[in-house]
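Following this message is one structure expressed as structure tokens.
By written order: A, B and C. Residues from 1 in each chain.
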Amino acid sequence: MLNRFMQSRLRGLMVLALILIILPVFLGNPFHYELVIQMAIIAATVVGLNLLVGFAGQISLGHAGFFGLGAYFTGIATGTYGWSSIPALVVGAIAVGIIAWVVGRPILRLKGHYLSMATLAVGFIIAIILNNERAITGGPDGMPVPAFDLFGWELSTFGRYSLFGVDISGVQAWYILASVVLLLAVWFAQNLIESPIGRALRSVKGSEVAASVVGVDTAKYKSLVFVISAIYASVMGGLYAHFQGFITPAVASFEFSILFITMVVLGGMGSTFGVILGAVVLKLLPQVLADFQELETVMFGLILMLTMIFMPKGLLPTITATVSKRMRKKAGGEA
Amino acid sequence: MLAEFLQYLFTGITIGATYALIALGFTLIYNASHVINFAQGEFLMIGGMATVSLTAMGVPMILAVVLAVILAGLLGIALQRLAIAPAKQADVVTLIIITIGASIFIRGIAQVVWGKEYHVMQNFSTSEPIEVFGAVLNSQSLWVLGIGAVMVVGLVLFFTKTLIGKAILATSMNKEAARLVGIRTQMVLMLAFMVSALLGSVAGIVVAPITFTSYDIGIILGLKGFVAAAIGGLGSGVGAVVGGLSLGIVEAMAAGYISSDYKDAVAFSMILLVLFFMPRGLFGAKVVERV
Amino acid sequence: MTALVEVKGLDKAFGGVHAVEGVSFAVEAGQVYSVIGPNGAGKTTLFNLITGLYIPTKGEILLNGESTAKLEPNQLAERGMCRTFQQMQICMNMTAIENVMLGRHLQLRSSLITTLFRLPSLRRNETAARKRAADLMKYVGCGDYLDAEASAMSYGALKRLEIARALAAEPKVILLDEPAAGLNATETAALEDLIRKIADQGITVMLVEHDMKLVMGISDRLLVLNYGRVLAEGTPEEIRQNPDVIAAYLGG
């Protein structure tokens, strides 16, 4: 039953909206806000990645490459060339979409581990370029990124703003922006999944042969979802760059790619709200584990392993399955 | 001219031999279980680091090497028993994440035990370089090549002459059939991980005097090994050796003649290029999909 | 009348072994055309060749007079060819009805913008597609599974679901690969009725089947394969009396 509830499109979205509205009550200081804003931006990225991995069944171990490209495109366009943020995000998304399409056509013919190798390679190459083109990107030292501006109105984490007469801080304004973006990302993803295009995508994972004999051009749909997930990453990368105010090639690194895919798998492949949970858990975990000091990495690895061994379907699908089983049992007992 | 070329070639073959050993480790595990073990690089790290710290404690070199290899082998067995075997129903991606979790875990422990510094290991024999046609050859390179060759020959003999080796091969071809003829497939999987860990640790030890060693050296070396294995075609032993050597040589040439900044990019461009024309690598098995 | 499906001198070799060799035949529109033969005779290979999953070593296949040599399976579907599989190909990551709606893929083209904003036109089309899929599920006899996940269905129901998915594409010709395999007598009888109903709609049916009773009862013509070669071709009556067939089946 809980399963049903979570799968129902608008209800899931409404629950998420409700959480995002209530959450500020528990956010005591700017540091909390910063953490949640990062979570939201990264969650939106993995919602996009999940379309590719969870629904269409195509592995990507290099998605941070697109995130990094988006971040640097925004950083360079607004910082070096003085563009406004929205055009920078849009043009960046188009550029990254084209790159993903060009790269995706040949590599999406690959299957399984060969595809993971190829996507990993693409991510690495992007990271290496960002590291080495010092004149444009600032190299390993990174580059500053100006504050987000919306039609001449600047959104800085240090600013103070007025929303319907209520005085709010810069991070609170960013929180609102990030929440809206996350809700939009989820809404688009859900609309996509529950549509003819979405069924075609899922059939690529379910059975490529079955898909092709009912007329699905599987190569085209694989490319499409690859491009869409890259655009998600690019836009979120751009926002991330604005929010952080400073970026280094680490945003495109292999470690970041692995973090993204881990969020998808840990939260639950093919579950939009699952991967958001995955993003939240993996962003929170280092905070919680900080108390373990030098054992932090050990604990992180251990938790990752144990979760995946005992919940191979991911957190949310496992939780909902367990809860609905309990509830069925209870209902059966009462009847 | 020639000296320069030879210099790059020596460097390439040396590092290529290391890649080949790592790739062979990937291949072994892949054949036995169709898992890509992202913790493969950690075996190298364990081999190198354990040897360095044991010798620093006064243990004779030979004994330190043996102990380090045994440690890695035990780690390989533990990885299979504790992490891979319990997750047998898991998806390919889930298994990838499990091995990544394992590698983070191992790296975390190494960081606690050995710290974050780089460690230097002495050359096995003289540190005097050898001159060949004007190019300088690190004496350790000869050790890498020699031991690499011994390992490859050893593996070939292991798979063709010993019962255990044949059992691993049989399991990789058809798990069900292997079980039916009485092969204990779980035991075979464990062995595959162990042998793979042995190969990795030996590679880590012989290359340590050249590259230095630290707790996080396994990440990039492991990935390069994966690249080499994919170039050769996953599951092919010959492919792993050819892939490793060609990757090492191309990388060294690119670093020498083009730009050392883009050395790593060359490896990853090379794999993309190979897969573009040969989706299953140079020696990968062709499969006919059955419907 | 020109043939809907025409196969000319078809050859398929896997590493030197000929799975299909020199096979020619023609299927006319509206027929129920069956391919029979012992295990390993090359029946499924033949179907895989016709539907574009395998590329022939030699020979040619014409669909409505057009050569299919350069066409991908999805392009064949666009031209009205659909099929089911001996080893069922169901998307277990979807619900039962979504599997059938997948069959309407070609009829449900919608733009990315329409999809992302879920515009009214998409909602209308989806409702209609869902209704049509539900009707088809009832038509093939899995109306009990309208709300089920595909993974929760029985073997027999999945076999019928695959037929519903193929029918959803509104094919001119449907290829059924061993639809009766694994079914009990009652289910087989229901299947026979279903195939008749499909044929009565004017859809050409090609069938690979082991159940002789079923095949002889509903086929207009039959092709008998043996070791990849044509042993006989003709009406059920002709096949029944063909000495080669009798020898192969009884003497074998």
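In the analysis below, a residue touches a chain if its C-beta (ideal position, glycine included) is under 8 Å from a C-beta of that chain, and two chains touch if they have at least 3 such contacts.
The model shown is predicted, which means the values in this text are computed figures rather than measured ones.
When you average the Cα atoms of each chain and compare centres, the chain farthest from subunit B turns out to be C.
Among the pairs A-B and A-C, the greater number of C-beta contacts is found at A-B.
Between the CA-based centres of subunit B and subunit C the separation comes to 48 Å, rounded to the whole angstrom. Our note on geometry: subunit A versus subunit B, Cα centroid distance of 32 Å, whole angstroms. Per-chain CA centroids place subunit A at a distance of 41 Å from subunit C. Residue positions of subunit B touching 2 or more other chains, listed in rising order: 289, 291.
Among all residues of subunit A, those that touch two or more other chains are 209. Residue positions of subunit C touching 2 or more other chains, listed in rising order: 53, 85, 89. For subunit A in complex with subunit B, the touching residues are 53, 59, 61, 106-107, 109-114, 116-118, 120-122, 124-125, 128-129, 131-132, 209, 254, 258, 261-262, 265-266, 269, 294-305, 308-310, 312. Within the complex formed with subunit A, the subunit C residues making contact are 51, 53, 72-74, 76-78, 82-83, 85, 89-94, 98, 101-106, 108-110, 112, 115-118, 122, 125-126, 129, 165-166, 168-169. Across the interface of their complex, subunit C is touched by residues 55, 188, 191-192, 194-200, 202-203, 205-207, 209-218, 224, 270 of subunit A. Only residues 30, 36, 83, 86-87, 89-94, 96-98, 100-109, 111-112, 219, 223, 226-227, 230, 234, 261-262, 264-265, 268-269, 271-272, 275-276, 279-281, 289, 291 of subunit B touch subunit A when the two sit together in their complex.
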